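Shared chain: chain A. Partners: chain B in the first complex, chain C in the second.
Up next is the complex of A and B:
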């Protein structure tokens, strides 16, 4: 009983929803501030993302005529819950060694649920532009999932004995040095970062949202608290994905002594790479995005996999 | 309620509606986003969908043709929403007030919270108006 309660608290407070939301929103501020500095602007104050979410909670929720109410309102919640679960699993594996067989596969599944939630929600809204956004998001998911999974499994191949447990991968790295020291895993890491860009729907792969042509596409019909849920799960993804990469490729999170500093540095480096890619690239068309992921990126991922198999 | 109204004040998302402006006011609105003026300092940003809007920024004199659209857009915005009339046209009708298709100005059609006169208003004036609006909310 006590352990069930503990797990529920883990999910709701630390390291689940609440903690992830707070750090995710702070990260989103870093993102907006860095973007502003790149464009020679001053940028928003640090509490800006919090003010946005609070404001949205106080506004009216509009449900469009002809929309499927249940799908429209519950799909984003499913996405939010999924990110919370992923974050809980990653942190527990990192700080308590609490993994289970195949939790890596669970994480990979759960990481697609926010995108699926957005597809269902946008399709249920009954808005033509939102459904164009949903169809683009669907194509984007199909495009990036293949190289993403190959990249993650490159790391799995590299670990001996092969394991699908997150804490197994962490233990291997603790003994044999971080996986990022190998040529194959560097390639896999690059591929994973590119896929993260698409998972977050950040430029150059923001085709489903496309402010200027689709007017926020998949988010278009959301307002008030429902939009807050959507924005919050985006912010939490921005926090969870770098933590996932640190766990898989970069030795995991250490919360003792100098480890705290190293963990923060690793995290900031990954976030900065993502933000800089976001700010220096224009949006591609959806067909270009699919071709990019199925072409060069998949080939790169396979090269990484082959290198890992021959032991590099 | 305190927290949400604080958030509302600090994070105004603006939906820009052109109700028959000559386009000059609209260019000045875009100026506010440039590095020189950077309105994101106040937490404001332009949004593409009226469902995300907290401020409806209406430029132009409201012609008969766009009259139904202005009303519909106002009704589609999630409340609470503030309305700002931009430019001499938005405030009074400006040079178009004697026109055959004049149906405005904006405050005859929908309730207006702030007026920013000028033809076109300078970006400084727009920022000043919006900051005054923030004080009023």
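Up next is the complex of A and C:
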């Protein structure tokens, strides 16, 4: 019973929803500040993302006429819960060494839930622009999932004995050095970062939201607390994905001694790469995005996989 | 089955209220219908109720971006009525301000193109590069926009000679930044992917629709009022008309970017050659008669026609902004493209809807022939007719 309660607390407070939300929003501030500096602007104060969420929570939720109420409101919640679970699993695997057979597959699965949630929510809203956004998001998910999974499994292939447990991969790295030291995993890491860009719907892959084309597309009809949930799950993804990459490729999180600083540096480097890609690219078209992921990125991912198999 | 995607009247990408209906099948645009008429300001009627001198100030306010173009065209039309030309110094000063305006207008468009492409960095950088040009305009004319600088016969104020080195410095700096932008545009594969081959307007179509300015020159139509109808100091300086044959969005963008380089060249030569002397020919009276003035505004040819009946107010002042002729080129451009490209295609002509919309029907005594209701009815009939045609 006590362990069940502990798990619930883990999920709700640390390292689950609350902690992820706070760090995610802080990361979003870093993102906004860095973007602002790149664009010769001043940028917001550190509490701006929190203020935004708080303001949204206090606003009225408008549900458009003709929208499917349940789907519209619950889809973002499912996304939020999924990111919370992923974050909890990653931290528990890192800190306590807790895991179960195949939890890596669970993580991969749960990481797609926010995107699927947005598709369901946008389609339920009954807005033509949102439905175009939903169809784009669907195509984008189909496009990036293949190279993303190949990239993650490159790391799995590299680990011997092969394991689908997060803590197994971490144990291997603790003994044999981080996976990023291998050529195959560097390629896989690059592919994963590109896919993360699409998972976060950041430029150049912000096609489903495209504010100048679809007026925020999938998010268009959301307002008030529902919009806050959507924004919050995006911020949490910005925290969870780098942590996931650190876990898989870069030796995981260490919260003792110099490890804390080292962890933060790793995290900041990945976030910076994502923010820089975001700020140096225009938005691509959806057909270009699909062609990009199924063409060069998948080929790159397969090359990484082959290299891992021959032992590089 | 086609769905209608509405763009406007309020949309993040449009600064002005207009309404575009995209008939789409999936993501492919089958047809676009453009519905204007939300920002009619009665400029032509107003112009007939003001004196010639006040008119120049009025037409300046047709467009915040091409305020120099409209006031220069109106001044040329007035000079045409009187039959005198501006002084030499005025011609050069007018040319300098006009080309500075082209710089800031094109740079503003580059920023907006970045915004439409979701490239926020280009948006911010473009507008940052534009800012010093406005400073230069403020140094010369005293205003960042609506310069109150042109008048029939010349310009209103003289310029102290010691500001020119500073202006040249700003232009040099701008030219350098523009080179960076040109490099970024021509080298970036993603920008190529978004602009190349998108929204093609062939040369025949451009001529058929009567396109003007960079829109026409991007389709290989070699027209430029500055060269074809000599005015200002353009025949005395060395510059080229930029044309690109492809007719796609990339070609129009390249035309704009390279035109900025030409404008820098023109300004520097004009400053070097700037003659002394009086800044305006004195005009005391406007005789009965008609005059036209047309100049190459940043978006194309601005055309002004004025008829004077010998009083101090024009009897008729007709103004046509370039956007009026460029708007219909949406139709062939957008067909078969995706929604993502549609917005970009609408922006590629650098539209200025507010500058375009005006209408008043009067008989020669100044009596209104039609009431507001009649005009609305007329407009509905015309719209119906156009809809049937397409």
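Remarks
Note that the second predicted complex is superposed on the first by the 312 of 312 C-alpha atoms of A that agree within 3 Å, B and C clash if a C-alpha of one lies under 4 Å from a C-alpha of the other, contacts with A are read in each partner's own complex, and residues count from 1 in each chain.
In the analysis below, contacts are C-beta pairs under 8 Å (C-beta built on N, C-alpha and C of every residue); 3 or more make two chains touch, one makes a residue touch a chain.
These figures come from a predicted structure and were not determined experimentally.
Judged by the touch definition given at the top, the superposed model places A:167 against neither chain B nor chain C. Once the two complexes are overlaid on the shared chain, A:137 sits clear of chain B and of chain C alike. In the superposed model, A:31 makes contact with neither chain B nor chain C.
In the superposition on chain A, contact is made by A:41 with both chain B and chain C.
In the superposed pair of complexes, A:283 makes contact with chain C only, with no contact to chain B. In the superposition on chain A, A:215 makes contact with both chain B and chain C.
Applying the stated touch rule to the two superposed structures, the overlap between the chain B and chain C interfaces on chain A comprises residues 39-41, 211-212, 214-215. Chain A makes touch with chain C in their complex at residues 35, 38-41, 128-129, 132, 135-136, 203-204, 206-207, 210-215, 279-288.
Remark: chain C residues 3-6, 11-13, 26-27, 114-125, 128, 188, 190-191, 193-194, 338-343 touch chain A in the complex. Taken in their complex, chain A has these residues touching chain B: 32, 36, 39-45, 47-48, 50-62, 211-212, 214-216, 219-224, 227.
Within the complex, the chain B residues that touch chain A are 1, 3-8, 10-11, 35, 38, 40-41, 43, 47-49, 51-52, 54, 76, 78-80.
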